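Okay, here's the structure, questions in a sec.
Chain lettering (A, B, C and D) follows the sequence in which the chains are written, and residue indices restart at 1 in each chain.
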Amino acid sequence: MTIFEGRGLTVRYGAHVALEGVDIALEPGVVHGVIGPNGAGKSTFIDALSGRKRPSAGTVTFEGADITRRSVRWRRGKGLSRSFQRTSVFGSMTVGDQLEMVARRNDEQDLDEIVSTLGLDAIRHQVCSEIAYGTQRSVDLAIALIGRPKVVLLDEPCAGLVHDESVRMLQHVRDVCKDRDVAALLVEHDVEGVFRTCDVITVLDLGKVLASGAPDEVRADENVIRAYLGSAA
Amino acid sequence: MTTTAPTDDVTETMVAVPPAGPGRWKGTLVGLGIALAVLLAGLAVPYVVTDTYRMSLVVDATILSLLAIGIGFLARHLGIISLGHGAFFGAAAYGVGIATTNWGWSPTTAVGFGILVGTGIALVMGLLVVRASGFGFLMLTLALSQALYALSVQTSARPLTGAHDGKLLSYDRDQTFLGLGQADVMNPGLFWPMAWVALTVCATLLWVVGRSRFGTTLEGIRENEERMRFSGYGTFGPRLVAFVLSGAVASVGGALFAINAGYVSPDILGFSKAGDSLIAALIGGFGLLVGPIVGTFLFVYAQANFNFGGNLHLFTGMTLILVLVFMPGGITGTFQKLYHRMRKGRR
Amino acid sequence: MNAAQLLNGVALGSLLMVLSSGLAMIYGLRGVANFAHGALYMAGAYIAYSVSDRAGFWLALLVVPLALAVLGVVLELAFFRPLQHRSHIELGLITFGLALMAERLVVLIWGESTLRVNPPEFLQGTTSFVGIEYPSYRLAIIVIAVLLAAALIVWLRSTSIGLHIRAASQDIETAAIMGINVDRVSLVVVAVGAALAGLAGALAAPYIALDPGMGNAFLITVLIVVVVGGIGSIAGAMIAGMGLGIIQTVTTVWSPSLAVVVPYAALTIVLLWRPTGLAGKRVS
Amino acid sequence: MKRRLLAAASAVTLATTMAACGAASDSSGGDSEDGPIKIALIPPTSGALAQFGTDAVKGWETAVRLINAEGGIDGRKIELIKKSSDADPATTLRVAKEAVTQDGAQFIGAVMTSPEHGALNAQLEGLGAMSFNAMGKDDALVGEQCSPYAVHVVQTTSMDVNALAASLTELPGEKWAIQAVDYATGHSAAETFKAAAEKAGKQVVLEQFAPLNTTDFGSYITKLKGSGADAVFAVEFGADGVAFVQQAEQFNLDAQLKTVLGLNMVSEPLFETLGDSIEGYYNNVGYDAAGDNELNKEFVEAYTEDHGSAPYYVPADNYTAAQILFAAIEKAGSSDPAEVSEAIKDLTVDTVVGEVTVRGADGQVLRDSYLGEVVKGEDGLAFDILTNTDAGVTTPEPDSACKF
């Protein structure tokens, strides 16, 4: 049961093709990982899906309707959310204020649950720019999860985190996705983390899909091994 | 990973402490109480400052403060610096001049009209500029206000604006501005209640707006515009509303200025008027609502006392640089920091 | 006569080109709209007045850029470098303060009254050019500006410091990571930018009258040129400068009062149409 | 240069000290009938007009020195209170209020521009002070912006143009072009001139207006050259005027012109800057430095002694303003501005510019106007007065918009 789908997504920057005819389909309660080497087009991909960058070709559908040209604000209202690779929080506001602000907009009934799931209770009254980087990433995730979105696109939530934090972060993502029946897309640099966390994995290389499927299938895929995992796996 | 690269955002160093969040009704009520007390206490000023000349300086500074808090509001809540607020101040002043002198309206109605004109110009300019940020915003506000200046001195605008010669306000002797005749409005002691009430009401209004949910939305936009959009907030609307609001406050100042001075000349539309006011607001500090007011009073004082041989700009330039380099939060911001440090030290 | 009007536009455009290329270099590298650029231009003109009074105009053309380059070095070392972590707007406002001071200092040194500088003897009067009698000095400005623009482009394209400048103007952080000495590059850029402003002032001195308001009159126009041309693009600023000079002159022929509004209208239209300017890099 | 720098630096120090003293000694409003008579001077001390401001003060200084040497008026000395402005109406107004309410000044002089006077006139009655305008030339100042407390000592622009128009037949050139500033003065001057030219049988082939603060006159001069004009009537002031003259020279415009007639374009302070290229230019002249009357000779001598240079129209007009004021105080027998403003109505005074009358209806001083040609004399350039036009010819009827 696909809820969110990208079909034939292509993004060109002048002559350079950053993404070429990529397809993807997300299902509720399923964590879908996207990996790929640097320059594979991962960030462009999530930008195209989330509406930050309008694709040169292809369509994005949500619950069967074409939303390619819809604004990001409209998408959020319908339950489509994303996080950012570089921490994107509201620096001068307290953690509580900014979460409440987003909660108000998105009709979140149970903010406390998100706060406690992500372990943010203790720092609720602290100014966001003064808390630790790892915690800021959790706030970032919390902002994306507020309002029970149906689809969450996460752009490298573990970027810059130390190993332990990274493990915990991915566990949070998986828990929330399962608990709330969210369709999650997880773009991540940490290959091992993705294999551990995700139900489905798509591998991008040079703007194209190299392989897609269950973790074991992908791990066994010859193209993937040759082009990307070669040394790592 | 968190980069400290310079941005076009001014808030990092210049807006020292975040304003309080929404829903603190108790704090808001206390604040309103204080505002009312300040308003009432301020009405006694003419009994303290009995000297007409000094009183006229106080009135001048109060009127100019409206322009400065308009600029300060945008800087504080949206982190954008406007060089175009002279346009709203000036347009409102011309609106009053045209309504009284050309159309024979009563001064009271004309002031209302002037505020509408200034606010209207703010709306039009806002539609064009609020999408921009940083230098883009600065340049666009500068350019559009300069364009308005250039239009106001066109020969074809002469019947309305008086072009370079300016415009002398005239209305019948039996017409009054809220009970003040033409000679009375020029008496600073009599005009004081109007200016003071306008300033305290506008300042309180801006303060309440800043504390409201809308204020929090603005803060969110200031801190991270893109994330706000990805969190489901429209950012154009709130920015526009904030811009028009701050323009309206500047317009109130302009309309009162016209009535008080009895004369409007194109230099109030110009770049140096807005520049002076911006400098005053910067020196006072953006972090607190009263910062721009403090700055404006200092500026008017300096203008009255240190303008010998035209060296005022030498001094203001120097002060501006010193403040920006050594006390980026302005005077009030620095005091605020000292206060917080002292409190922390005591704990 | 239309060719003569076109030349008028090109002459004004040439001046704007030299002035705005300096501003664009600083803007591109430091991200700061240097409000003191008009003051530097004015200082250039007044120094040219003093020097040409004593030692002739040609020496002034040499001395002024050098003197202004020194001022540029001071500007970089005293303000831009120590305050580079501050927001661009703050630095811009500091240059605003510097401009206020500089304007007054020029008055304290040279006085308030309007001054004029005579062009060198052989450039006085007119020359016959494509069938028009046209002022020789204006032709000289055009030639100098074009040569200068060419030299600047060659310098930026084919020397290693030029490459570094272009790299740093694209992305100063990445340039630093790549091992480019950003401090040195920036020192060179601000010095050259200031020297260009001074040179523009020296060139303008015999062209238009010198008065303490001359810096302000051009500052806004030149800031507009740089924003229209696209932040960080020197070629963009040059093209925009020349274009604005021509458009403004042509509009003046047609309707002088409308011409005053041309720069503001140009900025508004360009920024609404292309927020990064005509040739600006993408700001994401 | 070094000396100039030093002078500038000490000027700053002095100004700061003065400011400190000013703040400390807070003298309050004056007793009007026995102490000295106080006149506030509020000239621009910065900006392009500072030179004129300084020279205006010099005119007042000489006048006050002379009258005080004679024992003052009715035994009361005259005291000058020197203030400074930047030609901005708001500043001037503030300083004027300060001078009147703090320093007890009853009269105001040396205010420069018309907008300043416009703003000031609106408040004179409320302030209870009289203003003597010896520099702002706008017609509106004796029209809708007039005040019974303001005396207009200089000729208005209309009077200047009328004087030129009356002398037009004397000037060579048949096809005239008008180059004027796009500003009230420019337009009204162009209009008057055009009518006069047609009356004199001359042709106006081009009429163009450049915005105030134009720096590049290239396109205007190109048009002038293309128009086939053999004479130009130019209304460009200050830096605009210098730029126009300089660029006209570069374009070799003079070669095709028999006459360049300026309205307030070339004047003595600009002679050095403009240089020999303006030799032969015509311009209106408000004051004849070589004027053959005793008072003028006395003034030129005293002024030169005081200030080391010969006077030109700015000091002379301000000196004239002082003479009119002194005569009015004497007539009123009081220095109360209300009484002086009554006494000054239709008062006739013998001055350095001859016998003049203050018109009762609008405060305009009726005086002669001149047309001068720039000639090279022994001490450089000077005006040679060609014609003298009587006030009766130049001065329009009082503007009906002026109601006291």
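Basically, contacts are C-beta pairs under 8 Å (C-beta built on N, C-alpha and C of every residue); 3 or more make two chains touch, one makes a residue touch a chain.
From a predicted model like this one, the values you see are computed outputs, not experimental measurements.
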Pair with more cross-chain C-beta pairs in contact, given C-D and A-B: C-D
Chain at maximum distance from chain A, centres defined as averaged CA atoms: D
Chain occupying the most central position, where position means C-alpha average: B
Gap in Å, rounded to a whole number, between the CA centres of chain D and chain C: 37
Between chain B and chain A, distance of the C-alpha-averaged centres to the nearest whole Å: 43
Intercentroid distance (Cα basis), chain D paired with chain A, Å: 75
Inter-centroid spacing, chain C versus chain A (mean Cα positions, whole Å): 47
Where chain D touches two or more other chains at once, by residue number: 11-12, 46-47, 50, 182, 209, 211
For chain A, residues that touch 2 or more chains besides their own: none
Junction residues of chain C - those touching two or more other chains: 104, 107, 257, 260
Contact graph of the chains (line, ring, star, complete, other): other
Pairwise chain contacts, counting only pairs that touch as defined: A-B, B-C, B-D, C-D
Complex contact set, residues of chain D against chain B: 11-12, 15-16, 18-19, 22-23, 28, 44-47, 50, 84, 86, 88-91, 93-94, 97-98, 101-102, 114-115, 118-119, 121-123, 125-126, 138, 140, 144-145, 182-184, 187, 209, 211-212
In the complex with chain C, residue positions of chain B that touch it: 3-10, 12-14, 81, 128, 131-132, 134-136, 138-140, 142-144, 146-147, 150-151, 154-156, 271, 275, 278-279, 282, 310-311, 313-314, 316-321, 324-325, 328
Residue ranges of chain B touching chain A (in the complex, touch as defined): 1-2, 11, 15, 18, 21-22, 213, 216-217, 219-220, 222-224, 226-227, 229-234
Interfacial residue positions of chain B with respect to chain D in the complex: 51-53, 56-57, 60, 153-155, 158, 163-166, 168-170, 183, 186-187, 261-263, 265, 267-268, 303-312, 314
Chain D residues within the chain C interface of the complex: 1, 4-5, 8-9, 11-12, 46-51, 182, 208-211, 213-216, 218-220, 222-223, 225-226, 238-239, 242-243, 246-247, 250-252, 269-270, 273-275
